[in-house]
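Order of writing sets the chain letters: A, B, C, D, E, F, G and H. Residues in each chain are counted from 1.
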Amino acid sequence: MAKIEINKERCKGCLFCISVCPKGMLKKSKQLNKRGLNYAEFIDTGSCIGCSLCAVICPDCCIEVYR
Amino acid sequence: MAKIEINKERCKGCLFCISVCPKGMLKKSKQLNKRGLNYAEFIDTGSCIGCSLCAVICPDCCIEVYR
Amino acid sequence: MNKIYSRPKALKDVSTHYCPGCGHGIAHRLIAEVVDELGIREQVIAVAPVGCAVIAYDYWAFDCSEAAHGRALAVATAIKRVRPETIVFTYQGDGDLAAIGTNETIHAANRGENLTVIFINNAVYGMTGGQMAPTTLLGQKTATTPLGRDAQLQGYPLKISELLAQLPGVKYVQRTSLQSAQDILKTKQAIKEAFKNQMNNAGFSLVEILSPCPTYWGLSPLKSLEWIKDVLSKEFPLGRIK
Amino acid sequence: MNKIYSRPKALKDVSTHYCPGCGHGIAHRLIAEVVDELGIREQVIAVAPVGCAVIAYDYWAFDCSEAAHGRALAVATAIKRVRPETIVFTYQGDGDLAAIGTNETIHAANRGENLTVIFINNAVYGMTGGQMAPTTLLGQKTATTPLGRDAQLQGYPLKISELLAQLPGVKYVQRTSLQSAQDILKTKQAIKEAFKNQMNNAGFSLVEILSPCPTYWGLSPLKSLEWIKDVLSKEFPLGRIK
Amino acid sequence: MIERVIIAGSGGQGIMLLGKVLAEAAMLEDRFVTWLPSYGAEVRGGTAHCMVVVSDKEIGSPYIAQADSLIIMNAPSLEKFRPRIKKGGLWVINSSLAKPGKIDGRSILQYPFTDLAVGVGIIEVATMLALGCFLKVKHLVQLDTVSSVIKDFAPAGKEELIRINEQALRKGAGLR
Amino acid sequence: MIERVIIAGSGGQGIMLLGKVLAEAAMLEDRFVTWLPSYGAEVRGGTAHCMVVVSDKEIGSPYIAQADSLIIMNAPSLEKFRPRIKKGGLWVINSSLAKPGKIDGRSILQYPFTDLAVGVGIIEVATMLALGCFLKVKHLVQLDTVSSVIKDFAPAGKEELIRINEQALRKGAGLR
Amino acid sequence: MKELRRKILITGNEAIAEGALDAGCRFYAGYPITPQNELPAYMSRRMPQVGGIFIQAESELAAINMVFGASAAGALAMTSSSSPGISLKQEGISYIAGARLPAVIVNIMRGGPGLGNIWPAQSDYFQATKSGGHGDYHCLVLAPSTVQEAYELAKLAFYLAEKYRNPAMLLADGMLGQMMEPLVKTSNKEYKLKFKKDWALTGCKGRAPNIVKSFYMREGDLERFNLTLQKHYQLIQAKEERYEGLFLKDAQIILVAYGTMARISKVALHTLRKKGIKAGLIRPITLWPFPKKAFVAKPSSKARYLVVEMSYGQMLEDVLLTVRDKEQVEFLGRAGGGVPSEEEIIKKVKKIL
Amino acid sequence: MKELRRKILITGNEAIAEGALDAGCRFYAGYPITPQNELPAYMSRRMPQVGGIFIQAESELAAINMVFGASAAGALAMTSSSSPGISLKQEGISYIAGARLPAVIVNIMRGGPGLGNIWPAQSDYFQATKSGGHGDYHCLVLAPSTVQEAYELAKLAFYLAEKYRNPAMLLADGMLGQMMEPLVKTSNKEYKLKFKKDWALTGCKGRAPNIVKSFYMREGDLERFNLTLQKHYQLIQAKEERYEGLFLKDAQIILVAYGTMARISKVALHTLRKKGIKAGLIRPITLWPFPKKAFVAKPSSKARYLVVEMSYGQMLEDVLLTVRDKEQVEFLGRAGGGVPSEEEIIKKVKKIL
């Protein structure tokens, strides 16, 4: 059992995390954050394996991983 | 039959020409030139072969070779 | 649940000014992680010259010096010689390290200064608006090569890491990329190696990192990663150079 | 009897200011001979930067430009681009080409400028009184390395010709010496090759010439030639590099 | 007459172009005009803005400390430029992306330009909608002049693009 | 009192050292003194020279346009500095290497210092002979002070060298 | 409508480039730096179109020395940069002056010292006018205050550089460089831009070899050369002072400002006049030679000068050196990106009067 | 005799190096150039002896930026060069000023412009005093006129640099650099040379990270920083003016000269006095801040100033800016290796009076 937390206000919407997640746990938000950007959202379907790839690739250090 | 001419006032006495002559045709002068230096002298013993090595190595372009 | 991945201590808890998908953010974090893991935060001095990352000092939680464009390795040489007990690294763009700073780069390397160099190759000048860098690829369009870089006029992408590897004073040269999570992890290992070398007084170590600049590549962040994989790293092959 | 060896036309009939046994005089003459033999005296433009040979324009009978220390290849790049019909060469010392001018050297070479470079390596700064040059050998005593060059402090003799040979823009690199009449003749051939390359638009060509500086080697002229043969050319091996 | 307009939004929205179209139109109508892009490392990431001054006399500074009008295309710009408008100045706000909250004064035009643009066909014409809307109130330049600038700016053979932009402009001017 | 001396010869002759020995001696005798080496690309090849000014007042320029004394150690220097001496100034000439030809005025000391030096044992002490000779006329400093400078300058353990130099100095002073 | 088309909306940076091209400049070398990047970008597009040469050099040093070479070879050559980059060019500029080569250098000033920022400033006035490089030399220094003038002074800079075989500098700030304004291109007829260059390096066919150099080794030679230079500078000083004077006849307070600062001062001037305050303006167009003659015609001995700068008193010194009575001179300056506003100027004027 | 031994005969270049070492300088980086080569040569011998660092850099640019780094790391750091090399350092000097780092830069001036020659000159006065680099900054500029003073001012330069966290320049010419004169070393007791450097980069053990920088990106920040700098400069101006004044009380003609030119002027002064001419001398020791106070105490309103320089009127401008009445000021200058002689000065004085 693992999960991540995304600091949505820091997110710049590069989509890197979405592209690397082996479990497809992330998606682009419909909403805008205060920067005016569509950010990455964690959709917790319980499949997160805590592999941390999303955090490793995030240029803005928005992601924390728990396991 | 060959010979060389040395511009003794240009000569700086480095002795390069003396060292390369296969026939030992050159020697250091006893006199000083106007620079105050012992220059190279051509002692024409008739053995000069006109190989031009002396001219090739002269840094001050003092030597002309005739053949 | 335990937190297994979080912001390194050496990285201040602030947002950066970088564009979305910019590699600088990743590289900054990797350095901070290595610094934390080696426990050297209170020993480290960074030298960040002009370039998009000029205000890296706002992001790193350790001592930092600015440097004039191209002079990072002159500044770092002096800092390290004055304070041999510190761990000094430079963080330089391709314009900085391989254009205006070529002289300082070659000579610091040749002196074998015991320094760590993190070299961010994004194949353009980011800070000034996307002009040609020494590393710009042939055919690549930039603000100053509107028709694409032409070998006849602008010469070839400069592989300065390969040049530096020739110098006896240089201990370690590795080229890595930020194109994938795996590559990022390899980059981190290389950075760690480069720092460890300095801690062991082994001499000049350099890690060249192929890094995305989506803004001036005119690509989306994701396409930028692909471009590194498919194009940039073909010209600048990854791996250990020395 | 016919005159079979005399002063080339491209060399003015004046005395030089060089020290006895200085290699600059030989190199000047070789260039003049090549220029005469190729019939290009009225096409040639020389760029002679600061160094003992700064007033080479007083010795050569063709157009010449001065250049600030280290900037010969920037000046030459522009002259050649503005006047592609001329034959442009630089005549640079080791301090000029491989210390202060390293950046200009690497980048002109990398652009593949269609230029000829005559590089006089005498392992010291002659003009300024015998300080360490980038090419100074380990252990060699100079005005600024009173205890001899120490790799730990001053790094290694820089083999910039080998570095340049790595660059795709570079056509021809050859290292020769003035240590004997035979080597001088080889040097002349190399110079000719380097000029011919330019005439054929083949790109950047460089001849590095190991040249005696008896004054700052503290040796007699003859001993200087020996030192090139026995010591200097061991560190800087002669021959075709590219 | 002097009108100082700040136009602000995010990088990809065509903010600079909006300003240039306005400036070019003013030039064609023989006004004095200046256009100034945003400065600084702000270019990275966040907001982009430009400043346009139109006048019938020589213009001193192209820099605008206090604007007569603000055209705001996204939320962060709203925050940033909120203090930079004169009392009683005109606000034109893209309500698709920016919710002004409480703003003093009555000169506020807010419409969902982005959403409307999607309606017209391409999201990029949101700026033309905003420009049209702005011009309807400020009458700085004729819509026809703007149309001719649009034609000028468009690459050859892009008739469709020109049509959509003009349509957006007119639609913007018709908003009420 | 002010005395301006130009000392000139060829590179290897120890010209600079001659000047320094004189200057150092003057310093030890508490005079104001300056020493200036030759300038320029002249260093290459040809001649070397230095300028020494000794005075009992502060010295303005260490550069000597017109010398009170010339110490000339070889022929090219003679040509070069011929115009650089005041009327009635003192010439000290190394006749081994320089033949003065016609020189106006009577203050000429010419001796074959080089040949004499070979006699003393080493050619390098020609300068000391010249210095001794010069001092005998000009009394700028005591010979003893010069001796002490010679001792000071010599590397440790070079007693023989010191002896020969001193001998040359005294011999020079004795020339008449 | 067609008629109006002659106007183009263009940045100051681009206008300078366009002026240079119209003057016949066919060689540009530069290195990127904000806020002048539009200039090299423009050149990179246009040079190939006109058969000229554009080089993005490896550094500012390389760029200025390329300009040295291009000019030595007879081309009309130019480089541009902004403050830190111009500091790096100082040695090269001194060489160009010493070799008597014509060349145009553009400085689009930003805030200093050091890296400073990229906001506009006028803090490099001393560097430009008092020779930031070594030796007693001068650049001609021209200061445009509108985009139109940026174009025109670029042409004038080439004309003067060629005429006097001397480097000429265009000194503007980031505001003028980056702003767009309408430009109407003008013909070159005022300037004869073809000068005989028998000194240029072309290969010595049919003539004695030419030498381009600034080195004078023999005793006395360099002093003689310097005396020639000084005469040359006196000639330029006598002939090339340029300024714009407004309302000087009856002015009680004369604003003195150049470049961007002059635009703002001009607006302040009009406002002041409207308020009945007798203000005037001297806008130096040449900063070197400084337009001394503008100060000769001063109307009433009671009139005061207010020097306004985006720096802390640099042109101020030239004004003080020029006016008779230093007490007459007041100063208002900001720097580091700060630009004195119309309001600040008016306030200061009121305080003075 | 033993007593006299305390004097050593030494070149000006070496005296500066020795002064620097005595002040605690432990970092030197430089690049060879005549006429200052004795300085790095001396440092290359002495630094290892005192545990300091000597680096022959790859260029002047590298050298000045090494000094930036060494100073940032807390060392007393120095570089030296001569005119062309100093031009190359202008960007670096501006950065040092912008980062508020102490450092000492030595310029042993030679003839310019360009390569010029290696004869002495004073043609870099403007560059030194009016900031040859970009931005509104100042170096402290000290001008020794004897070898003894070269030693002492080297120490003072470090003291002032450290005290004000500002670059200080020693400005001398090739004559002073290469000549030998007796030197008596003095103690440091006048100067407290230990300053707390809590800003230096040492690794952030037990404190918040330190940042050394000159970049101020946010709107307004750089202007604020500049205002701080300006205040700082005013303080220096108020406190650090230094000059030597001779016979000013009754002088009818006051020579104004610095460095080598002041030595020569001093001799001329004595000759003039002997001839009954009431001459005086102002010898600025600090060129920036320029010693304005020396000109306040002027005796008779009829007295004239004669500025004597090895350049064509550079310090002259500071004198003109300082005196009340410009008509009082006369000038004598030569450059490019030309040095006004005692006789020329006397002749000029006679012509004036």
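By definition in this document, contacts are C-beta pairs under 8 Å (C-beta built on N, C-alpha and C of every residue); 3 or more make two chains touch, one makes a residue touch a chain.
Values in this document were obtained by computation on a predicted structure and should not be read as measured data.
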Chains in simultaneous contact with subunit A and subunit D: C
Steps needed, at minimum, to go from subunit D to subunit E via contacts: 2
Geometric centre distance via CA averages, subunit G-subunit D, whole Å: 39
CA centroid of subunit G to CA centroid of subunit H, Å: 30
Whole-Å gap between the CA centroids of subunit E and subunit H: 55
Residues within subunit A bordering two or more other chains: 12, 37
Residue list for subunit F, restricted to those that touch at least two other chains: 40-41, 45-46
Multi-chain contact residues (two or more partners), subunit G: 58-59, 61, 84, 91, 95, 99, 114-115, 117, 119, 213-215, 217, 219
Residues on subunit D engaged by subunit C in the complex (per definition of touch): 99-103, 106-107, 110-112, 134, 151-156, 158-159, 162-163, 166-169
Interface residues, subunit B side, partner subunit F - complex: 12, 32, 34-37
Parts of subunit H lying in touch with subunit G, wherever the complex brings them together: 61, 83-88, 90-91, 94-99, 109, 111-117, 119, 121, 123-124, 126-127, 130-137, 213-217, 219-226, 229-230, 311-312, 314, 317, 320-321, 326, 334-338
Subunit B-touching residues of subunit F, taken from the complex the two chains share: 10, 45-46, 74-76, 97-98
List of subunit C residues in touch with subunit G within their complex: 50, 54, 66, 68-70, 95, 99-100, 102, 125, 127-129, 131-132, 134, 143-147, 154
